[in-house]
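Same chain, two partners: subunit A is paired with subunit B first, then with subunit C.
Moving on to the complex of A and B:
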């Protein structure tokens, strides 16, 4: 059994790493829960944003936050364009899964053609910075990521909960036709939400560029875990997505400290399977 | 003769193709071609096996790689670590994969709220778990498994020839299985589950058992394919075997070809494999992936049901259906007086049904006599439809007993109750949307009624289609029917099961006066055939005209019971319908 300090450090790193799962899960959860579209290309969009951040940072020496400020609006428009296609062809849930998978493959190919299949690393001095709190180290980048994810999740949650927009979206997710009969302009809101989803992917992408090593195949690396997070956090619930991300991150990290690192993938899916079988009311 | 020749032509072509492909390795062509064709067989088998559950019954699995991978590693481990002869490991691989699927199915198919996309992701999750377990245990151990030392039986002159012929045999076997399933009772049940699982269960389809059977069969084939593929690959790694794309490619191939048709996945698999191979051999492997992606997007947007259904639809339109003029069929009512026996066919005792804090039925006692028409009325929310749902087994009882013909049925699953002779209709018609009128009715005759030959079932279905005035519409999909016709389709489906007890839930609502007269005559004609009828209705004219006895439900309790005219004049009954002021 590892020491308490090691376990505590594992817990902190896990929760912070889980912030990334939560941030990626955020956009997916919104489109799946409220628009009934499963967007596999979310990961590819995040990686496209990451590569763009990398490119702007290394070639043009643009600071990551300026890069994000440029990329986010572009991604917002891409999200809207994507939704235009879904809207025009009245795409259902399963078809959306297959189409966005194809999108993701095309984006993967595009990334590989431009940036090659080699591993890329965007070195900044932020990546080594950390705060010391007692016996524990808290990496600054991951902390910033969690704070951003927290603000986005909290803000989106408030927006959905407290405003007319959120009520309308939830009503439309329940039954679009009835909601429309009561004057909900579901379509316009759906476009807004799709744009937001893609913009969240862009924000996640900026952090991916700063934290992770980039390779085209990495697009698929988080797919399973993040989907588990989306389901555990309950579809369409932004705060749930973030909390579930941190839960999974922490359990993976502790499992790695206690058992062997190779067993980590089992953790998230065992949690998912257990929760699905438990079938609680809030799911 | 000419007709026979046209019909036998595809069979002849298929037979020639099978023989030609079987003897191809004798031609000693370059191994390159053999492995290319083997890959087509491989993907055809894998995607066809996927479609057995996912295409036919609509439960999309993203975890087909799990069953395939179990097969690969079963053969790899048994041959290299235990020295089991290769050919013996293939059936073992199939059995292991089938057991895994049956185990998963036995757990997940019990979840009542299991939605399609949750099933998809659950199967994906299982794939990751199994991959990690194999990676971290001595089955693989992280280093991969070399198959080069495993002897291959000399079925063909060359090694690749032997693998080719095994893949070919597997492919033929898989397609034969798919054809058989699609044309069997199992397939019919799976198609019904695809369209509306609750209704399928109520019509007598043992949905739980069928889903597990299809899942196990689908996994068994994937396992066997994996066993053979282990020899083709030669060096096996977890990353290569449980690749995400395996599970997704089978979905895409099946959807492209048409996942609901037994041959659809084969068409999609052949097209995509050939296309990918063309790009790879042309040195454009990466671009090839992107182009396949583009083609798939286009296919899903413009051919959402797949290539085969699109071709079928086109052929059908080209054949230009003859215009059938349909005479309004008015059912003939026998003049003999109805026979109501004193014996009660249905006994409901102390039945309660609670939904959380809501008491929908609060201790109902009822006796329905054999051969009578029993009206069930009451204000909205009084528990009429809940009672129908409880008798037909859609909702489990909270407490109480229900006895049909002396046998306790209160705790049986809905399909058992249907088989014991209880049929029901739905207030809002719920036809199987992808089945023709004839298939809709034939399904109910197959699963609800006594065992009969296909021809007898067809005749029976045609009889009830004519009886309900839908003659000439046999080949129409439910979307082509108006509300009146859909209501009558509900009746035809219920009647085809030859029920002892028929539960009619507001068959008259939404019909115009002429249609109502027609329907009333129809209900009388049904009773004359020997069925007992319980019908829920708001239309008082029909209740009074039709019922032998009427029961009034209010707030989940039996409020009044008796002859229709007396009950409806009872001031207490009037007061619960219209309020106290009218009761005087």
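Moving on to the complex of A and C:
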């Protein structure tokens, strides 16, 4: 059994790493839950944003936050363009899975053609910085990521709860015809939400560039775990997505500390299956 | 005339469900459409609410041609639907359901006033306003569905089988509410299987069978017709 300090450190690292799962899950959960579109290209868009952040940072020495400020609006427009295709071809839930899978493959190939299959690392002086709190170390970048993810998840949650547009989106997800009978133009709102989803992918991408080592195949590395997070957090629930991300991150990290690192991938799906079987009231 | 349908044909997919239906509702009127199951009553009312496109014919509301108006613009003209089976947003709270009724800017400006009016009509909803709509009893859900329609400050309310699946005492309450809606200034188009009740509240009525209007007139006159007495009242 590892020491209390080691377990505590594992918990902190796990929760912070889980912030990334949550941030990636956010956009996916919104489009799946509220538009019934499963967007696998979400991961590819995040990596495109990560590579762009890397490119702007290493070639043009643009700070990552300025890079994000440029990339996020572009991704918002890409999200809208993507939704235009879904809308034009009246894509349903299953078809969206297949189509966005092919989008993702195309993006993967495009990234590989431009940036090659080599591993890329965006080195910054703050990538190794951490705050010391008692016996524990808190990496600054991951902490910033969790704060950004927290603000986005909380803000989106409030937006869905408190504004008429948010309520209209939730209502249309339940019964689009009746929502329309009360004046909700669901198509227009769907474009907005798709743009937001892609913008969230871009924000996640900026942090991926700073935290992870980039390779085109890494697009698929988070797919399984983030899907589990989206389902555990309940479709269309942004706060649920973030909390589920942190739960899975913490579980993985503690499993690695107590057992072996190889156990980590088993954890997310074990938690998913356990929660689906248990089906607690509060979820 | 407030609502005017002329020679309306409506259908789903390849099938036409109602043929050549002409029907009027004047301001402040309660008009009932009665008929057996599968006669096309819901199809008719969904077409009036903009949820179904008309194949042929004319649909006018307050003089405006509604056939080219998009579904989400019907409500803005003053048409509100209380759909069959209530179709509440069950994962949203009672108050959120009501707020969806005043989604459009013109109705939203009167949100507080309309909420007070609905809670005045249905005091029980005020106590349950934070609860999920799906957790309410059938009668209370019907109150939310009617309240949601009233929040839109409509000029006509379309009721589709409001008494379906409700206990007899609550059915009486629902018909009282329909009278109140008219008193408050809106016209009512009511589609019902409960023939006696529907004719009791109506100023005029239509009989819809197999997708066609077969008879129309004052409720008292319809009740005298042998066919109506035999088919709907069993006497």
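To be clear about the criterion, the second predicted complex is superposed on the first by the 278 of 283 C-alpha atoms of A that agree within 3 Å, B and C clash if a C-alpha of one lies under 4 Å from a C-alpha of the other, contacts with A are read in each partner's own complex, and residues count from 1 in each chain.
Rule of thumb we're sticking to: a residue touches a chain if its C-beta (ideal position, glycine included) is under 8 Å from a C-beta of that chain, and two chains touch if they have at least 3 such contacts.
The structure presented is a predicted model; accordingly, all values stated were derived computationally and were not measured.
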item: Superposition on subunit A - do subunit B and subunit C clash or fit; value: clash
item: Contacts of A:133 with subunit B and subunit C, given as first, second, both or neither; value: neither
item: Partner chain in contact with A:4 - subunit B first, subunit C second, else both or neither; value: neither
item: Partner chain(s) touched by A:179 [first = subunit B, second = subunit C, both, neither]; value: second
item: Partner chain in contact with A:164 - subunit B first, subunit C second, else both or neither; value: second
item: Residues of subunit A touched, compared between subunit B and subunit C (which is higher); value: B
item: Touching partner for A:277 - first (subunit B), second (subunit C), both, neither; value: first
item: Partner chain(s) touched by A:113 [first = subunit B, second = subunit C, both, neither]; value: first
item: From 78-86, 510-518 or 564-572, the subunit B stretch with C-alpha clashes against subunit C; value: 510-518
item: Residues of subunit B defined as touching subunit A within the complex; value: 60, 107-108, 111, 113, 116-118, 120-122, 124-126, 128-129, 131-133, 135-136, 142, 244, 248, 251-252, 255, 286-287, 289-290, 292-294, 296-297, 300-301, 304
item: Of subunit A, residues touching subunit C in the complex; value: 164, 167-168, 170-171, 174-175, 177-186
item: Residue ranges of subunit C touching subunit A (in the complex, touch as defined); value: 49-51, 70-76, 80-81, 83, 87, 89-92, 96, 99-101, 103-104, 108, 148, 152
item: Residues of subunit A defined as touching subunit B within the complex; value: 32, 38, 85, 89, 91, 93-95, 97-99, 101-103, 105-106, 108-110, 112-113, 220, 223-224, 227-228, 231, 260, 262-263, 265-266, 269-270, 272-273, 276-277, 279
